[in-house]
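Common to both upcoming complexes is chain A, partnered first by chain B, then by chain C.
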Partner chain A sequence: MKGLKIMSYCRITDASVIFYDREVVVYNPKDEDPWLLQIYKAKDIHYPKFHKMDNLCKAGFLGAEMVVNDDSQENKENWAVVTFNRSSSLDDDTSYQKTIENADNYFPAPSVFVYTLPNILSGEIAIRHKIMGESVHYITKEFSAERICEAFNDLASDGKIDTIVGGWAEYFQGHVDVLMLKVSVNEEDKQLLTINNILKLWKI
Partner chain B sequence: MEENEWNNMICVAGEGMISPLGFNSADTFRRVEELSADPSKESEGRLYQSHFGIPEPFFASLIDDKKLDNAFSTFSDTKFRYTKLEKAAILSADQAIRKSGINPSGKDVLFILSTTKGNVSLLGDLDGFEPERIHLWRSAELIAGFFGNANEPLTVSNACISGCSALIAGMRQLRQGRYSHIVVVGADMLCKFIISGFQSFKALSNELCRPFDKNRKGLNLGESAATMVLSKSDEAPKGSFVLVKGAMHNDANHISGPSRTAEGLLRCLTEILTETDKEDLAFINAHGTSTLYNDDMESIAIDRALLQNIPVGSLKGYFGHTLGAAGILESIISSYAVKEQVVLRSRGTLELGTARKLNVSVNQGVANGKHSFVKMLSGFGGSNAAILIKMI
Partner chain C sequence: MEDLVLELKKKIIEVLNLEEVKPEDINENAPLFGEGLGLDSIDALELIVLMEKDYGIKLANAAAGRDVFKSVKTMADYITANRTK
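After this line comes the complex of A and B, so read on.
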């Protein structure tokens, strides 16, 4: 039956990366690299811009990299990126605030300021995968499978967008929590995008 | 179009705003019209020296704190302490809600907040507020809560296009029939954090900004809160404004620079406008930030969409860039202009100079019986938006 189907998903927590129901990367406390860089290396990703990103973008980018799994640089006209989180870009905001706090040590940095907007994440994903549909970032108090489900379904019901990359991407005070999805309108035998199915993946 | 074809349309049931030019939409518009008609008049924007503890001077349009506090304490005797952003947002929402006549505490009402940075000034100094107050969802919760609304509000934080993104999110909620009314509130207030950041980008002009001008040197920032109440238009009276169609597209090009070929914005314009729509356009209310790249990009989009003869203007010379409020505030002011059949002067524009030639409204004009306009926005993250708004 035709519908909006979950094509792939990726869950990133402080402990591991889960992809296709399997732990594909596990946090190694002995590794000197930060956790997000450990994932980048383990997945053998080559994207120099990654190293410029703030932690929120890195986290969401890695999730998107796993679910999209497509290196084609064709424009994806019917794709969109829709992300949600709780803490906006507060992690990078805190870093930027440090650059302007003291009159004696005042050095506002454009490379830090540019990441003080949460939608830079959806922008980075759109650039990486040449996604030309909309890119939007929403904020909710807690993870909301309901809001994600309705935003994705509403977008697909317009008829112009057939694939959406996005979901939840939170990075704040050293903790990462990501559920990235790729959903597509098709007739394949895959799980439908429903609130319950999103919740199952969130709790995996 | 036949009358019944408007049944599924989304209408603006009420609007309100708090701006440096006025503490409601009508007063603000009157002031805009005054400035539009008389180029010799000075606006509320000015150069601030040593303000917010920022070493470099900046040109901005700020809301007077005392005036806002007075307006808020006259309006409400609540003992709860709200931030400047929350006060302005609540006041603008109250105006819009009263005009619409809806019951804001109803289960069928959803609040959507559009903001880029919310209470970010508290990062530098909590000023007695709880740390949670820095979160955008917390401001949204307090604004909705003030009106007794128990639905969990939605917040859109999509850089400069937030206002249009929030209106489009509201349109979708209404089309799906989940709610009867959506209160879309846009607000951002300025502080050291925001201004120093734009300064570090060398994006600010230290004089009145000049949209689409040959000698444009960057943008001015401004503070505002603006609200639209959206409802299904079944019973909308003649003279109401309808949000006909909205679209958003990413350039997939660069996080802080617009596309050289205006890919995203062009797609927005093509998606929302039919040939018939174009004939009824009184004007395009562009983003017109007065940065070199933005205004050039907009000129390319307009030209490629074959709209180069439609009058184009920017409201940044009146309000500055009001960030999360911009899409809503500028749509409201543009609606007033259409109602008055005025094409507002693109204040600050003196000598045209964009990549493609545009019909910029360097003088105030007339709308010649046309009843629609396009609101366009573009911003960081490569995002673009356009909405077609029409008076029925």
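After this line comes the complex of A and C, so read on.
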């Protein structure tokens, strides 16, 4: 049956990274590296810009890195990025505020400021994977499989977009919660993108 | 001057989050932007902040900045001549 199918998914929590139903990286409390850097190193990723990103972008980037799994350098005209979260860029906003709250030590940090918008997350993913279609970020009160399903289906409904990378990417005060999906319109024998199937992956 | 060059290399790595770069990887005469370290416009703004915060140098003129930030060596020369901290 043709439809929007879940081609791959990745779940990142404070404890582990799950990819294709398997725990592929587990948080090591003895490792001095921050958790997101532990994942970056464990997956042997080489993308220097990662180190400049705020934690929200790092979290979403890592999820996308695993689900896209495409080293081609071609522009992906029919692909889109759609991300959701609850805390917007508040984690980075707080960091930025620290650089401007003291009048005697007032040095606004440009590199922190650039991440004080949540849609930078979808932009970073689009740049990394040369995704040329829609790039959008939604802020919602809580994780909603309904909204993800609806937004992905809406986007694919006009026939111009056939692959979407995205899902939930939340980072706030040291806690990470990501469900990144790659969905495509095709006839392969894969799970359909449904509210229930998204919920199953969220609860994994 | 050599001490300042090394200090600058370390600060640039720290401030610009160049995690995969070591001080010895940076040629003090190599261009900082474009080729060389491949820094971007946001990095340029961070270098301007660094100059003011750590050396008390305010760079108000963008054209002058182009010459100052040619390389680590030109930065070190400018700091030596103009620092107030």
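Here is the rule we go by: the second predicted complex is superposed on the first by the 204 of 204 C-alpha atoms of A that agree within 3 Å, B and C clash if a C-alpha of one lies under 4 Å from a C-alpha of the other, contacts with A are read in each partner's own complex, and residues count from 1 in each chain.
Here is the rule we go by: a contact is a pair of C-beta atoms (placed from the backbone, for glycine too) under 8 Å apart; a residue touches a chain by one contact, two chains touch by 3 or more.
The shown structure was predicted, so the numbers you read here are calculated from the model rather than taken from an experiment.
**Q** Should A:Ala109 be classified as contacting the first partner (chain B), the second (chain C), both, or neither?
**A** both
**Q** Which partner does A:His51 contact after superposing on A: first (chain B), second (chain C), both, neither?
**A** Once the two structures are laid over each other on A, A:His51 reaches chain C alone.
**Q** Per the contact definition in the header, classify A:Asn119: touching chain B only (first), chain C only (second), both, or neither.
**A** first
**Q** Going by the touch definition up top, name the partner, chain B or chain C, that contacts more of chain A.
**A** B
**Q** Considering each complex separately, which residues of chain A are in contact with chain B in the first and with chain C in the second?
**A** 108-110, 114
**Q** State the interface residues of chain C toward chain A in the complex, per the touch definition above.
**A** 15-20, 42-43, 45-46, 49, 52-53
**Q** Please name which positions on chain A make contact with chain B in the complex.
**A** Those in contact with chain B are residues 75, 81, 86-88, 90, 93-94, 96-97, 100-101, 103, 106, 108-110, 113-114, 116-120, 122-124, 126-127, 129-141, 144, 147, 150-151, 154-155, 157, 160.
**Q** Can you check the complex and tell me which residues of chain A touch chain C?
**A** These residues of chain A touch chain C: 46, 48, 51-52, 107-111, 114.
**Q** Could you list, by residue number, the parts of chain B that touch chain A in their complex?
**A** Listed in rising order, the residues are 53, 55, 116-118, 120, 123-124, 134-138, 140-141, 152, 154-159, 165, 169, 172-173, 175-176, 178, 192-193, 196-197, 199-201, 247-256, 263-264, 267, 271, 380-383.
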